[in-house]
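The following blocks contain the structures, represented as structure tokens.
Below, chain A partners chain B and then partners chain C, in two separate complexes.
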Partner chain A sequence: MAYTSQEILEGLAEIVAEETGLPTDAVATEKSFTDDLDIDSLSMMTIVTHAEDKFSVRIPDDEVKNLTTVGDAVKYIEGAQGA
Partner chain B sequence: MSAAPASRDVVVTGLGATTPLGGDAPSTWAAALAGESGARTLDNDWAEKYGLPVTFAATLKVTPDQVLSRPETKRMDPSTQYAMVAAREAWQDAGAPEVDGERLGAVVSSGIGGIWTTLDGWDTLKERGARRMLPMTVPMLMPNSPAAYVSLEFGAKAGAHALVSACASGAEAIGYGLDMIRAGRADVVVCGGTEATIHPMPIAAFAASRTLSLRNDDPQRASRPYDVDRDGFVIGEGAAVVVLESAEHAAARGARVYAKIAGVGLSADAYHITSPDPEGTGQVSAMRRALQDAGVTSHDVVHVNAHATSTKVGDLTETASIRTLMGGEADHVRLSATKSMTGHLLGGAGALETLFTVKAVSERLAPPTINVDNPDPELQVPLVRGSAEKLPDGDIVALNNSFGFGGHNVALVVASA
Partner chain C sequence: MSTRRTLRQAEPVRNSRILAIAGERGANVVTNDDIAGPIDSSDEWIRQRTGIVTRRRADADTDVLDLAEAAARKALDSAGLTGADVDAVIVSTVTYFHQTPAAAAVLADRLGATPAAAYDISAACAGYAYGIGQADALVRAGAARHVLVVGAEKMSDFVDPTDRSISFLLGDGAGAAVVGPSDAPGIGPTVWGSDGAKASAIRQTHPWSALRDDPAAGWPTLRQDGPSVFKWAGFQMAPVAAKAMAEAGVGPEDIQVFVPHQANMRIVDQMVKQLGLPAEVVVARDIADTGNTSAASIPLATERLLAEGQASSGDLALQIGFGAGLVYAAQVVVLP
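On to the complex of A and B.
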């Protein structure tokens, strides 16, 4: 069963909150991981590892650099489901 | 006694700890003076699941998840978490000194390193494959992680170091901090030791070396240095950190001073990988060098915090060494074996026992050694049993001994301020 984009956003927000200590509502679609949420590359890879696990998707390292905003990640995960 | 030149004096201005006796330094010290035990039966199924011969340990009284933020506990190995708790307390206790980061050092040791992270990572790899390995695994497991995080926390740029010498590590870290200040490389150094090894693998490994007490039916009575019925050490966890400062720097900012760290002595047995040299040659050398370094003599020493882990051979070797070094002067020493209460914090032990020695000198109280129902007749130094004992007024000097697997010997001299 595929996750909706809203479910992915909520799940991703929980992962980011665990990693950074930010409140989940700070993890909004338009936010940039680096510029707005101050997430460094190691944290980003940690978030990716947890997201792959949670949503049963694969996010190749080459794709991670294209995931600038939270919305980019939600969109990628949504498209990668069932792939 | 002849004091070292004032410009080289190094003082202790801050104390911090998280231990089986308490979540901070004051509660740990109060429990030690009261003769409490931090040992308890483990509340998990390890013994059953893995056939562990030991079912108890001296676990932390206050776990770091009650103190640190959730992201911190996820990013730091438990050994680093404990060190951070102790370091923040010590820093605040010192009055959060204003110091140029280039003149501030961090020296925090662990004897074993991030073993929880190492073993969790191996479990993840075996069970779920490389793709699930967390990216923070390496910075969490590296044994310099506690020193690095403490350096990051306070902006310590004079150097961040992690000296490893098994159960002498925490004392060696403080000795190194002393040397950094004396050599003029720093004015303030946050230093200490930490350990987090209450995990079934290290417990099984220590048990395999036949060094752990098997008194499963009575954990609080298991750690009994110098008692005839001692049967090994009780594994413990925790951290202790002290803030060292040049006397000049501390005076300039009007800091409260607990005591001086007046000297350090180091030696290696080069005898056996785990057994102490039965002649005690290395232990005597370390203590002698420490006293010489401090410019004091055996006559000045009123208190020794013994390494004394509650093993058959180790405890007696140490008191024989003290007797060899001090001769008749050992009769007026008050010897305390605080591992009887805290268990053995391994890489944290030397730092915690230095903290105890600093408190003993500043409050003129030698903490008790508990569980000594029948003192070993071969014990060669007067032991503080049962309850704390008063130390003399005036200028006093105490020693902390810490010895480690590998033949590492560290002695630190603590002098009244």
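On to the complex of A and C.
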């Protein structure tokens, strides 16, 4: 069963909170990982790896640089499901 | 008609162990402030992303062989052996300037180890663990009684001061181990492998032939895709280390010391987390002061833990090397 975008956002927020210590409600769709959430490139890879496991998707390393905002990541994961 | 004679094969030896470990670091302490300018960085940025406070770099007139020789002499002394006792010399390096002959043959001669078998291996940051795996196999197969394994690198010869990907991590040094026969098992099975599909993740900017064909190509230096390497090392290497424990018949609760290749403190921390190592396990964090010395990092970090009393002879150490190739190797060893 595919996750809805809302479920992906909530799951991603938990992963980001675990990695950064930020509250989950700080992880909103329009937030930039680097500029708003202060997530560096290595932490981003940790988040991506946990997201891959949680949502059973593959996020190629080359795609990660295109995931600027939380919304970008949600959209990518939603599209990658069942791929 | 003559009858065919049956060959005699080398008599195997039941067990091997590491008899001694020693190291030699580059003479100079290079701070983050010393190198931050050309990469428009800062001490804080480098510490936060790498855990490195200083790296050790050798003098201009010290080469890979000098570092290797210094480490090897200390290791032989510590084992109570001389060069004449050594049957094989394995040097792992990616920073020796001669395509041929091998650094190992020259090192063997310097140590008075002639006519020991001598060869180099190119397995970058996994080279020491590759070497220990080979030495273990050689000793147990009866092909050599004492094997000298040296990881030696002068990484500073391949840094680009303006490179923000890998150069600022790198340090110089050599670590040496003597492997020999043992009454009890001292080296667990080596779990090793490669993934050449990721050959470009850590790379030389251009091959030597490019410099030959166009001198304007300049001196090759190293680059890496840092986040990709972090993801690979931090998450895919933990299962390799776990397999090395399983194949040695031990678990995380049996390990006293964890010595991962000192690539980046963030990778070390991620591996510890992924492996679920108990808090009592001593984790090597030599990278903070020495930097990333490629094939030398595991023996240097181990030597330091022993010298500072954080680890003791007889402790079980889980070690794993990983790097350019990509290549990796892990094993559990009894510390000398």
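Please note the rule applied: the second predicted complex is superposed on the first by the 83 of 83 C-alpha atoms of A that agree within 3 Å, B and C clash if a C-alpha of one lies under 4 Å from a C-alpha of the other, contacts with A are read in each partner's own complex, and residues count from 1 in each chain.
Please note the rule applied: contacts are C-beta pairs under 8 Å (C-beta built on N, C-alpha and C of every residue); 3 or more make two chains touch, one makes a residue touch a chain.
Since we're looking at a predicted model, the values are computed, not measured.
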Quick check on the superposed pair: does A:61 touch chain B, chain C, both, or neither? Answer first, second, both or neither.
second
Touching A:46, do we find chain B (first), chain C (second), both, or neither?
both
Touching partner for A:21 - first (chain B), second (chain C), both, neither
first
Pick one for A:82: touches chain B only (first), chain C only (second), both, or neither.
neither
Report, in rising order, the residues of chain A that make contact with chain B in one complex and with chain C in the other.
42, 45-46, 49
Residues of chain B that touch chain A when the two form their complex:
69-71, 74, 131-136, 139
Interfacial residue positions of chain A with respect to chain C in the complex
40-42, 44-46, 48-49, 61, 64
For chain C, which residues count as touching chain A in their complex?
48-49, 225-228, 230-231, 234-235, 264, 266, 270
Chain B partner contacts - residues on chain A that touch it in the complex
18-21, 42, 45-46, 49, 52-53, 58
